[in-house]
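As structure tokens, here come the structures.
In what follows, chain A forms one complex with chain B and a second complex with chain C.
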Partner chain A sequence: MSIEVRGVEKVFGGFRAIDGVSLNVQEGELVALLGPSGSGKTTLLRVIAGLEFPTAGSVLFDGEDAVTRHVRERKVGFVFQHYALFKHMTVFNNVAFGLRVKSRATRPSNEEITSKVNALLNLVQVEQFGNRYPSQLSGGQRQRVALARALAIEPRVLLLDEPFGALDAKVRKELRRWLRGLHDRMGLTSVFVTHDQEEAMELSDRVAVMNRGRIEQVGSPTEVYDTPATPFVYEFLGNANRLPCRIERGRAYLGPIVFTEAVGLADGLGIAFVRPHDIEVTVEHQNLSIPATVRQVLVAGAVAKLELSLDTEPGMLEVELPRGAHWGAPFTAGQKVHWRARTARVFPANAGSPPAAPSEVEPATLK
Partner chain B sequence: MTKTSSVMGPPPPALTTTTEPPAVRRALILGAVAFVALFLVMPLAVVLAEAFRRGVGAYFDAITEPYTLAAVGLTLTAAAIAVPLNVIFGLTAAWAIAKFEFAGKSLLITLIDLPFSVSPVIAGLIYVLMFGAQGWVGPWLIEHDFRIIFALPGIVLATVFVTFPFVARELIPLMQDQGTDEEEAATLLGASGWQTFFRVTLPNVKWALLYGVLLCNARAMGEFGAVAVVSGHIRGVTNTMPLHIEILYNEYKFAASFAVASLLALLALVTLVAKILLEWRYGDELAGVHRMPRGGKA
Partner chain C sequence: MLALRRPSVLPGFGPTLGFALLYLSLIVLIPLAALFFRSADLGFDGFLRVVSTPRALAAFRLTFGAALFAALVNAFFGLLLAWVLTRYRFPGRRIIDGLVDLPFALPTAVAGIALATLYAPNGWLGSLLDKVGIKVAYTPAGVFVALVFISLPFVVRTIQPVLQDLEPELEEASASLGANRWQTWRFVVFPVLLPALLTGFALAFARALGEYGSVIFIAGNLPGRSEIVPLLIFIQLEQYQYAAAAAIATVMLLASFVLLLLINLLQRWASKRHGE
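Right after this comes the complex of A and B.
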């Protein structure tokens, strides 16, 4: 079941929540809609589900226009951010709901419903909780029940809104892997919304990075991470150092460093983006390295984070070193060092829209 | 807290910061109990004492008198019509307000509260001015031999008006709080509008609905002012229980008056007992629903 989003726009009052978005999801694919709060990703998911009517554009399921179909007939499995389990029903009845509301002609018999629901509860590993109410389950269990309920109607596509947003870090990681396995086993076509780039990278086949109601880039996780199309994508997908540089004939100059990654860019001012883990720091001066002073050293788990102040210009540089590299000869605050960037991504200084501030908290829906 | 400290040794002077000294606690409890006794228990006791002053025989004579029975019947009939009507109105209004966005929503909310802010006498008068002999549509109604004022329809109308807000007011905050996620989930699972309403929305608000119905019913049976204006006090025909009590009292038939009053109080108690029984019967489920953390904010 493929999904095609064609030029979809959604306006709430005067606010353009989605501003002309097109996206193709192949059958069997797992696609992440990644973006900060208010980027329109949840709205786009709701448009695909049929919960919102697009102001313009269309959504096609297997090449067939889905907008004219009622939500009820789309056979979409949807998992809400806060699960939206029926709180007055037991887990079993929650999962059975989609089967019991079918018209008499298509409704399976009670025995069939029972065996199907039990199979689903087994699948999501909550078989022992069938008689409990949602309030008696943990967050991760509720999440899995919500998934079983969505799968009961044998959906053609599975849509998940911030599926792991309300879970703690450890449960989140487990569920992520489990969901990926489930997706592959069941051969579903899935789209999920997240503001967590790590989640998008780890779980999806392709990532659509959204900003201000538009898709900035679609590609595999490595593609968007290694060759971000816009400064926004670069900054949203990980920590970034912005260094002003000069572009001349396809090369970017930053002090003594020359980046060849500026091919095809017009001459003028540019910004070189450098990931903190792409910076080498040495005590001795090396070929093409720039002097700096260590301002602060933080050791956080597997990495050591250094803050360098540049000697040549104002601004700060964030560096991440593998802990091992830092361990042998630790750097200390105030130390004079030299740094150089292994690789960088150069954009013209005026490229793209300034990124919206990424934020941890995501509103449930944009209304 | 208290237990641990008593085991550990002499209890500290203040057990916790949220506990008041025993003297203050006792004084507060005593005050509350005294208030309840003075303003709730005593009047009820007085009603019962006065009702039985002339003996049990006189009491049963008073409540089996034809006019009294007619008044009881009329009150129950009016409530039996008004309460279901307001359940339907209240549910639809609350549904519309809580689940949809539309222009004029705040106006509708204000209108729902109108019966609370308008004096019941005026509520009754509205109907007299509309349907009375000198009213807007009164002459036409008389021509077609359809009586509203000084008849059952008028009494029902006045009762519906006065008790309108109870169900809606009870449901709106709850339904707004619950949001539309569960309804959306039901629709996505293939449920029709009615299926969603009966299997998801209604079960989620059933307790609030029940409270609303009980309050609405109590007021419907006890309403005096609005009904007094439209009823015309025709004994055996348009006299409801509260009106009948007043008439008996004005005629110095105190024992009979209090006997009927005790009956009315009994009806109110029946609804309260029904509520307690239901709470007891479904207590676990009720607690389950209340324990459920509210979705929204993580």
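Right after this comes the complex of A and C.
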């Protein structure tokens, strides 16, 4: 089923948690809502689920208005960040809950419930734990039980709030891959919330990057990473160097040196963003390269990190070199070098909003 | 006994356990033992004779019946009150919350006099009830009213913290799975509250069993009709029938013990279903 969010706003007291958001999710798509704490991503997910009523705007399921429908009529599978499993019920009864509360006319028989729940427990690979209580399971198992419980009602959409937030790194990676596989098999329209850009990149078909209650950019993971629409997206997705620069006649200047193209931008102050791995460092001066001094060299795993200070401007520059390249001609602290950006992106200095500071709006994610 | 000597990070297990046992003995166990020994003076036949007089039986019936009924009523209304106080924000909430503790704080005699005045045939409520033929003061109903009053805080105060800690996500999850309000309450919320509700019920019941001060003012204390066990014990003592008083008290003690044991078992069963 497709989801259409149209101009949704949500105000809590005086605080605009969502400030005019529109988003389309196609049938069978897996979309990530990515953003820092307090960006409104969880609130948006809850509005889609019907757990929160929008102050303005509408949510359409398959073109049909869903806002007036209560959450229990929407047939959405919602997986909560902290699972919200019923502690006094066994795993089996947790998963069976959605089937047992159906009205008598639509409720499957006991045998049907049993076979369906067992099939779901199989699907999420906890078939041997049906008689256990949630407190006797590990975090990853609880997460899968929560998923099975949500799937039991044959939802039309699956919504997941920080699905891997409370798990350790290894389990998270495994579960992520497993969930992607499950999604590919079932083709269920899914939206999940995360603050982890790696998770969003790896798992989703499309990413909606949120900041301060707005969607800054929607696109495929490569699209948002390679061509960020705003400074916020640039900085939020991966490391970025921020360099204040001057824009003159379609070119960005760093001091007296032409740094990169800035086609179509008005003259004035600008900010250039360069990813650390998009920088070439040479000992010799090259065309358009900028002099700098090596401050620090750190070799960490597969990359060598250099910290450069610019000779003509204040400010530091972070550079990541593949380890092999660095081995070939090792740089040392204090060395004079030249650098050049392979690609960079220039924004007018006043463009977009600065990254939101973490706030207390989403206490759930702070736990 | 080796288990007791296992080295532990927490120091002082020996002395604190010893002191706790000594304290418990002095305050609870020795007086109870004395009670048993005293009643043993009567011999088994004498014991039976004393506790099975019509007057004693009526007092037992009234005390246990009214206490049980009062605890049941408070289990229901206390739950309701706790629910309202934790779930909703309304003006005056904190005042009502404070009022719940009043039966704790008020000297029971004061409560008794207040209730007696209110429910007496010429009191505010009593005169109204009198017109429709209901008598509260100086009847078993009066005993019940007093017991409801003094045991109210127990259920409210045991359920409140549990309700407060109940994650809203549980109810949201239930709703998203298609459960209606009643199903959510019945299958998700209530089972979580049940152990606390049983605890509150047990406490209220125990408190009501032993209540004396507030009851004697409103009960009228007619032997065989509105006389409660604690009062009967007191009357026996005044007549220097120490062994008889001890015998009645022993029955009371055993019955309370059995009831509390049952409730505890019930509670264990309820919390076991949490997988704890």
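Here, the second predicted complex is superposed on the first by the 351 of 367 C-alpha atoms of A that agree within 3 Å, B and C clash if a C-alpha of one lies under 4 Å from a C-alpha of the other, contacts with A are read in each partner's own complex, and residues count from 1 in each chain.
By definition in this document, a residue touches a chain if its C-beta (ideal position, glycine included) is under 8 Å from a C-beta of that chain, and two chains touch if they have at least 3 such contacts.
As the structure is a computational prediction, the values presented were derived from the model and not from experiment.
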item	value
Combined model on chain A: chain C and chain B, fit or clash	clash
Chain B versus chain C as contact partner of A:133, first or second or both or neither	both
First (chain B), second (chain C), both or neither touched by A:323	neither
First, second, both or neither for A:153, with chain B first and chain C second	both
Which superposed partner A:342 touches (first chain B, second chain C, both, neither)	neither
Which of chain B and chain C A:98 touches, first, second, both or neither	both
Which of chain B and chain C A:166 touches, first, second, both or neither	first
Which superposed partner A:107 touches (first chain B, second chain C, both, neither)	neither
Touching partner for A:84 - first (chain B), second (chain C), both, neither	both
On chain A, positions contacted by chain B and by chain C	49-51, 71-78, 80, 82, 84-88, 97-98, 101-102, 133-136, 149-150, 152-153
Parts of chain B lying in touch with chain A, wherever the complex brings them together	181-182, 184-192, 195, 199-200, 203-204, 285, 288-289, 291-293, 295-296, 298
Touching residues on chain A, where the partner in the complex is chain B	49-51, 71-78, 80-89, 97-98, 101-102, 133-136, 149-150, 152-153, 165-166, 364
Chain C contact footprint on chain A (complex, rising order)	49-51, 70-78, 80, 82, 84-88, 90, 97-98, 101-102, 132-136, 149-150, 152-153
Residues of chain C that touch chain A when the two form their complex	167, 169-170, 172-180, 183, 187-188, 191-192, 273-276
